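Next up: the structures, one after another.
You will see two complexes here that share chain A, one where it goes with chain B and one where it goes with chain C.
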Partner chain A sequence: MGVSKFRKAQLKIQQMAFMLIAITIFFALVGLFFISFKVNELKNQATNIEEKNAMMIATRVADSPEFSCGDSFGPGMTSCVDSDKIMMLKEGIEKYKGFWQVADIELRKIYPKLGGDKKCTMNNYHDCNVIEVYKNPSLNRIGDYSTFVSLCKKDSFEGVGYDKCEIAKLIIGYASRS
Partner chain B sequence: MVKMEKTNKNHKKGQEEIVGFALIIIIVAVIMLIFVSFAIRNKDKGKTVESYKVESFIQAFLPYTTDCRNEHGFLSIKEIIPSCEREDDCLDNRKSCDVLESNLKEIVKESWEVKEGSSIVGYEIIVYSESKEILNVKEGNITNIYQAATQNLSDLYVGLKVYS
Partner chain C sequence: MIDKRGIEMSFAWLFAIIVGAIILFIAIYAAISFMNSGQGEVNTGTAKEISILLNPLETGAEIGVASSFALPLETRIYNNCNSQKGIFGMQGLSVSEKSFRKWTAPGLNLEFPNQYIFSDKYTEGKKFYLFAKPFGLPFKVANVVYLTSKNYCFYNVPEEIESELEPMSQENIKIEENCPENSINVCFGSVITSDIECEIKVMYNDGEGYVEKDNEILYFAGDSLMYGAIFSDKNTYECQLKRLMKKTEQLTLLYIEKANFVSQRGCNSNLDAELIILNSMAKNLEKSDEISQLTPVVENIQYKNEDAECRLF
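== the complex of A and B ==
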């Protein structure tokens, strides 16, 4: 009789131990799921901040002194990028290392259309369509934001100078925080 | 009698355990549903056109230099619109309205790609004065979801709608 009661109590203790282990595993799993979800959410938030930053830069960089036409092509020009200025900026871009917290800045002419991509250098400046202004190779580019700008320069026709404006996209590449 | 009471007690205990188990499953399911709904909601963004892009586009194409010349030089889109309204011709005898139309069509086509799978399903660009419509360029489908921008050029207007 005493032995049977002792066995029953042992069984109960065993049952409770198993139950405790099962509950602990269950809550640990739920906790893991929750933590992974939160970590993912945090990563997304960080990427969103990068995206917003790129969007802000895309909307404002065209009107910054380094890029904007100022009054060179007429008064009150907004979203206007001075092509000549950009080529000079590109030449001395090392001085701007870390100035823009982005992966890269690129200008891509969209109209008039040129067949294929032709990167701009000082030699082919009038016959190219991609100006790579700034690149930070240490950042892992994960996406970009773009805005339309008019890309203006001084040109000449039959010996007479005139303002020539084309349409381009200012593309800001952003990187992940991780 | 004692055996029956014991069986009833066991039965009740079993029932309680089943109710507890069901409760745990319901709670876990509700938590899962909340997480899934959050995850889906986060993935819905970025499928429409940003308004700043439409506004910047209008600002960007107005200074575009066309190949239409008058006695003052090459005309920009901003300058060719009033010229078209006055029905002026370019120095090479082309109608300024024809140059404006061909340029605008090409510019919008190259800038806003309307294709399957793209977030843009159509666009419409209108050049108008208070009394008449000067030019209307339309492409793709017209929907209720769109971003629009208008630019005032003294008594003339340029409007752009991009549908998504």
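== the complex of A and C ==
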């Protein structure tokens, strides 16, 4: 009699334990599903914000002190990028790591046209068409925004200095938050 | 005989009560944590959105641009300036919202090296006002942003300041007339009408001077720093000034390198010596009371650049 009561109680405890484990697993799965859904939503939100940030920067960075021509090619020039300053900036770009919080910044001359892409260095400065100003290789670049600018520099012909301006595209790349 | 009757409880009941209590506790704890993290997420998202709103003001070429934004709940925007972090220092921004009559914990402190916000330690309200102005020494160093939510009433304003403030028509900044009762009075010059209680006094002499508020003195040179001193607390002002000097230091180096680079093509600006001096002064500036020492060097650079055969900036 006593033994059967004991066995019955044992069975009930076992039943309850299994039930508890099942409930725990169920809630854990629901929790995991919910967390992954929220994380995904957050990532999308963060990527949208990055995209908006890149768009804002693309439209305005040309007038920032590191890029703008100021009055060096005449007063009141807007959307004008100082190519000489950019080359110097590019040389010491390590200091500006994370400064603009974008994946990359590139200037691409579109007029006058040059056959193929030639990345600008100090050696081929007068015969190139792509200036890679800044690149963060650790970021997963997913898109870009661009704007048209005047790319101006000081040049000389037979010892006489003059201002040379070309049309370029300022491209700001943005990354996904993954 | 002693009555030994009591409540008999089977093991199953006892077990269910204990485990039930644990499950309930975990559920309540998870719900509270989730609510808190949700609030943190909202606060952090708001801070990021605000920083993006500031981007066009910071990077653009606008002069004295005013704008405003409103948030659905009573909000505090914390201005966490750090002049020590990194090469340019950091502009930190965090947000806390009022929920059930209590301020929630601020969200993550988002940091931006390229923004300069002058405001109190925190700015509180539903509607916030912004305006930006370029800071130059004499080349443009950055656009600085002023964040306010309170009403300000300016008295005895110099003509040049009035002509700048009036066209902006920023809702919370009035000049002598139509000032709301709760306004903070900003008085220029030493001669002030006796019936005005001046919370902020500005000694302004040809673009230089100091601002006296909360028994503290903040020195400025140039209008953009003057507004900074009016709208910020001392710590934020000194910190942002230090950060602006760090940026000046880097920009002078950039201009020195540019000057050498373009001189190879016969473009001489002859500004190297002055730029080196400015670089060293910006590097060593510790407090706002040293700012006026920069003025002669800055004026000299300005003058030489305007006269140069090949302008550097």
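Just so we're on the same page, the second predicted complex is superposed on the first by the 133 of 178 C-alpha atoms of A that agree within 3 Å, B and C clash if a C-alpha of one lies under 4 Å from a C-alpha of the other, contacts with A are read in each partner's own complex, and residues count from 1 in each chain.
Note that in this section contacts are C-beta pairs under 8 Å (C-beta built on N, C-alpha and C of every residue); 3 or more make two chains touch, one makes a residue touch a chain.
Keep in mind that this is a model prediction, so the values were computed, not measured.
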Query raised in the report: Looking at the overlay, what does A:Thr59 touch: chain B (first), chain C (second), both, or neither?
Result: both
Query raised in the report: When both complexes are superposed, which of chain B and chain C contacts more residues belonging to chain A?
Result: C
Report task. Please indicate which partner A:Cys120 is in contact with in the superposed arrangement: first for chain B, second for chain C, both, or neither. Result -> neither
Requested in this report: Quick one: classify A:Ile172 as touching chain B (first), chain C (second), both or neither.
Outcome: neither
Requested in this report: Considering only touches as defined above, state whether A:Ala103 meets chain B (first), chain C (second), both or neither.
Outcome: neither
Requested in this report: May I ask you to decide whether A:Thr78 touches chain B, chain C, both, or neither, giving the answer as first, second, both or neither?
Outcome: both
Requested in this report: State whether A:Ile131 touches chain B only (first), chain C only (second), both chains, or neither.
Outcome: neither
Query raised in the report: Same chain A residues contacting chain B and chain C, which ones?
Result: 59, 78, 160
**Report entry** chain B-facing residues of chain A, complex
**Finding:** 30, 33, 37, 41, 44, 55, 58-59, 62, 73-74, 77-80, 110-111, 113, 146-150, 152, 157, 160, 162-168
Requested in this report: Would you tell me which residues of chain B are touching chain A in their complex?
Outcome: 28, 31, 35, 38-39, 42, 50, 52-53, 56-57, 59-65, 73-74, 76, 106-107, 110-111
Requested in this report: Name, in rising order, each residue of chain A that touches chain C in their complex.
Outcome: 9, 12-13, 16, 20, 23, 31, 42, 45, 49, 52-53, 56-57, 59-61, 63-66, 68, 70-72, 78, 82, 84-85, 87-89, 91-92, 95, 98-101, 154-156, 159-161
**Report entry** Footprint of chain A on chain C - complex, ascending
**Finding:** 10-12, 15-16, 19, 23, 30, 41, 45, 48-49, 52, 55-56, 58-61, 86-88, 112-114, 139-142, 247, 250-251, 253-255, 257-258, 261-262, 265-267, 310-313
